[in-house]
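Note that subunit A is present in both complexes that follow, paired respectively with subunit B and with subunit C.
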Partner chain A sequence: MDQFLQALASGLLLGGFYAVMVLGFSIIWGVMGVINLAHGEFRMIGAYAAWALFRAFGLDPFASLVIILPVMFVVGYALQTILLNRVVERPHLMALLVTFGVSISLANLYKVIYSADPRSVPVSYNGSFELFGVTMPIVKTIIFFLALLIMGLLHTFLHHTRLGKSIRAAAQNKDAARIVGIEIHKVYAITAGICIALTAGAGAMLSPTQAIFPFMGPPFTLKAFTITALGGLGRIPGALLGGLLLGVTELMVATYVPGIGTNLGVAVSFVLLVVILIVRPQGLLGGLRPMEVE
Partner chain B sequence: MSTLTQAARPSLLRRWGGLLLWLLLLALLAIYPYTGVTGSALFTATQVFVLVTLASNWNLIGGMTGYVDFGHAVFFGLGAYSMGILVTRVPLAFSPELSFWQALPLAGLVAALFALIIGLPTLRLKGPYFSIAMLGTFVAMREIIRILRPITGGGTGLDLPPVLNRVNEYYFMLGLMGLVVALIWWIRRSEFGYTLIAIREDEIGAEMRGINTTMHKIIAFMIAAFFTGIVGAFWAWQNTYIDPDVVFIEQRTVEMVMMSMLGGLGTVWGPPLGAVVIYFLQDVVWGNLLNFHLMALGILLILLVLFLPEGILGSLGDPSSTSLGRLLRRAGRRQE
Partner chain C sequence: MNSQQPLLEGRDVYKFFGGLAAVNGVDFAVYPGEIVGLIGPNGSGKTTLFDCLTRLQTIDKGQIFFKGQEITRVRPYQVARMGLARTFQVIRVYRKMTVLENMLISRQWRGEGLLNMLRPSHPDTERRARHLIQFLQLEHLTDELAGHLSGGQRRLLEIGMALMPDPDILLLDEATSGINPTLIEIIKDRIRTLNREQGKTFLLIEHNINFIADLCSRVYVLNFGEKLAEGTPEEIMENEAVIEAYFGA
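== the complex of A and B ==
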């Protein structure tokens, strides 16, 4: 029972992180119909930025968000303006190939800059505490609550500000949004800026708990896809539900399938992805089409 | 894509010319080892043949059928591992180990069988969903191979008996490449090939006319997987060492996609042309900027999509279909 509770708690904490990691991917897909295959690489960039700031100035990964978020917003804005806006209205494959190219280039650029050696950010509070007999890692608990906060803020932004409303309008009906005077490409660029900043921020937050290396990206891109397929497209509650489901599943498999270790947990999420795509291509909650952002 | 549906009755030369040129080229290449070249030159040529074969296979499913497979290297890996496991770990009654020639068709069959199993569900998915499902299959397979340590050797990999014979390797790949490209050439002109293109252009429309699209897609997928598996098996034999990270490498899929795109998706001669061009581009970049090699590949892919989406052959056929072609034409008009 203790083992079960432990796996459940760890799974939920992991799921909270997954939820905040997947938001950027899910919203870009939901708003402009682009599947960003470079998603994991932007997470990797965030993690490296946190590592570099920690090493150079001793800056805490959570404090470094103040720098990383605005910088990565500009990067995302530029990426959308320079590359993605050119392919966003062409067949899906084109955008897929462009982001695939971005993914390879970034991963290998970082390999050249930082070498392939894994890095880590050893923060002083990287311990854990006990709660009702369950061990809770401190960093992951902080991330979990920060994730909930970010999701709340994002939800408020999308529903109660003018800009947020125009992003949702662009997602629902591009042409109608154009007619009422929304500059689609500008809205797309702002969306990409927010999403890339969020993704890099998620990478920075997780940097204390995981080894950082240039090729850490692709598994996360696939996980983001799995979670989006689980929870539905561009929906914040869906991202949370999908993230928690995947997190708990991975931890349960790692705990109860003997002799194989955590690697299978990773493989399980990919098997899960293929199964979901086959059984319910529209996603578990039925929102897997470029339609609406809640 | 109007370039792909040519006039109904092309002349005899146009119908057979491509194959004749191909056979001529193969005959010339068959003399190459007798011109006193070194083993490493033969090795280089063999690598080019591998790339041409892989790109042509990918083109069958990705270019002709329009199902962009982002995990096609999974069949390469399965072929390589089938070869590795059969040669090193299967003690048979009549021989202690299976030989290359016995293991080779089995490796292809394993890949084709896997294509059947994975294709039945995934080929029903449309557009990006298929691509991502295959990417997921690829990454999952790498992890599964790593986990099945008792059979696959896990992360430490498998050592194959070293049989280094550059000339035999050269002729084997030359023959395989000749066969595959000729097969693609034949498919492209056959009813089967036109059905694949119909599926790419309008799958629902093809279904309406009573075409069993699922069956056609699966057959194309299995053919592509079979030969990719055979190339993988050959590669394992030639390399004499396999582990999950050298066999299941994303770069292999990227190369297949790029070569097909550069040459022209869905054309017969585009992917071989693209493979040769990219190999030599890589060679130049590899020689001068070793570290930036993959980065340059990624950037090249982006530039291709933005400026040459129909590939070299596609753009030659219809210059107005690409932005580069339009740009050139506009520049030409200005000069007049």
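== the complex of A and C ==
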């Protein structure tokens, strides 16, 4: 029973991180119809940024979000304006190829700059505490609650501000949005800015718990597919549900299936994706149907 | 002939899809305060012409003018901000937003700074939205999701959304399609009221000839992308070329 509770708690904590990690991927797909294959690389950039700020100034990875989020918003806004807006209304393959190119370029650029050596952010509080007999890693617990806070703020932004409602409108019907004067490419750029900032922020938050290296991105992009299939496109509660389901599944498999271990998490993720697509091709919550940010 | 400057004018407009001329050298003009009809058999190019006028489609040749200014290469959102609004043949409302939110979103984005866009809607905007909702007899549905409305109610909502920015001209694409006679009468009455009391100009695509005859002072007829005829509803209904195009008689 203790083992089960431990796996459940660890899975939920991991799921919280997955949820905030996938939001950017899911919303870009939902609003623009672009599958961002460079998603994992933006998470890698966030992790490297946290490492660089920690190394240079001793800045805590969570405190570094104050710098990383606005800087990456500008990066995302610029990327969308300069590159993605040119292909966003062309056949999907174009955007897929462009983001694939961005992914390869970023990973190799970081390899040239930082080499392939793994880096780490050794924060002083990277320990754990006991809660009802379950061991809770401090960093992952902070990430979990921060993820909930971020999702709450994003939900409020999308539902209660004019800008957020414009993003939802663009997701639901871009021609109708255009015709009432919404500058759709600007909405896309703001959306990309927010999403890429969130993704990099997720990378920064997880930096104390994982090795940082230039090719760490693709497994996260693949997991983002599974979580999106579980939770739906652009749906914040769906991202949370999808993240938690994947996190718990991975940890349960790692705990109870001999010889698997957490290193085969991507395999678990893919098996889950294949099962979902066979049983419910439209996604678990119907979210792979046309895009509507809820 | 009208001596005023046209509010909306197309000169020798062409739009091709591959080898097909969807709009084939069409000239037309709509003057301030008019209600003009645009009719024609299915596939005659009416909606494509609307798409060209609102710049959702680029034209291959010709010029389009709005309020005397050429808009041939202006972007759709800029055309909307200049005062040209439209509805769609297939109703386009935001199904996951309430009726009020749908109305407000139609006047959200006016080139304001990002920080302003983080604030809630201005009280005047909300007042206008509620007024229009009442005008269109949808007040009992103000907080209902648009996806829960009937087809006719959604059509009224779409018209309300087009009215939110207080446009100079409204292009309505088959506003009575699939709607019961009671709602058609409401739509007809609201168009007439807006035209008489506020001087709004309308360009209507319609298959409902009675609707056109009751409202429009002039009618254009398209067939195979070309302008087949132009005149008063009475003249059009007696035009042999129009009768042949519609009924093959």
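The rule is simple: the second predicted complex is superposed on the first by the 291 of 294 C-alpha atoms of A that agree within 3 Å, B and C clash if a C-alpha of one lies under 4 Å from a C-alpha of the other, contacts with A are read in each partner's own complex, and residues count from 1 in each chain.
We take it that a contact is a pair of C-beta atoms (placed from the backbone, for glycine too) under 8 Å apart; a residue touches a chain by one contact, two chains touch by 3 or more.
It should be emphasised that the depicted structure is a prediction, and the values quoted were computed from it without experimental measurement.
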item	value
Touching partner for A:His155 - first (subunit B), second (subunit C), both, neither	neither
Touching partner for A:Ile190 - first (subunit B), second (subunit C), both, neither	second
First, second, both or neither for A:Arg119, with subunit B first and subunit C second	neither
Dominant toucher of subunit A (residue count), subunit B or subunit C	B
Contacts of A:Asp175 with subunit B and subunit C, given as first, second, both or neither	second
Those residues of subunit A which subunit B touches in one complex and subunit C touches in the other	none
Subunit C residues within the subunit A interface of the complex	54, 56, 76-77, 80-81, 85-86, 88, 92-97, 101, 104-111, 114, 117-121, 161-162, 164-165
Subunit B - residues contacting subunit A, complex	68, 70, 118, 121-122, 124-125, 127-129, 131-133, 135-137, 139-140, 143-144, 146-147, 250, 254, 257, 261, 291-295, 297-302, 304-306, 309
Residues of subunit A defined as touching subunit B within the complex	35, 83, 86-87, 92-94, 96-98, 100-109, 111-112, 218-219, 222, 225-226, 260, 263-264, 266-267, 270-271, 273-274, 277-278, 281
Complex contacts: residues of subunit A adjacent to subunit C	157, 160-163, 165-166, 168-169, 172-173, 175-184, 190, 292, 294
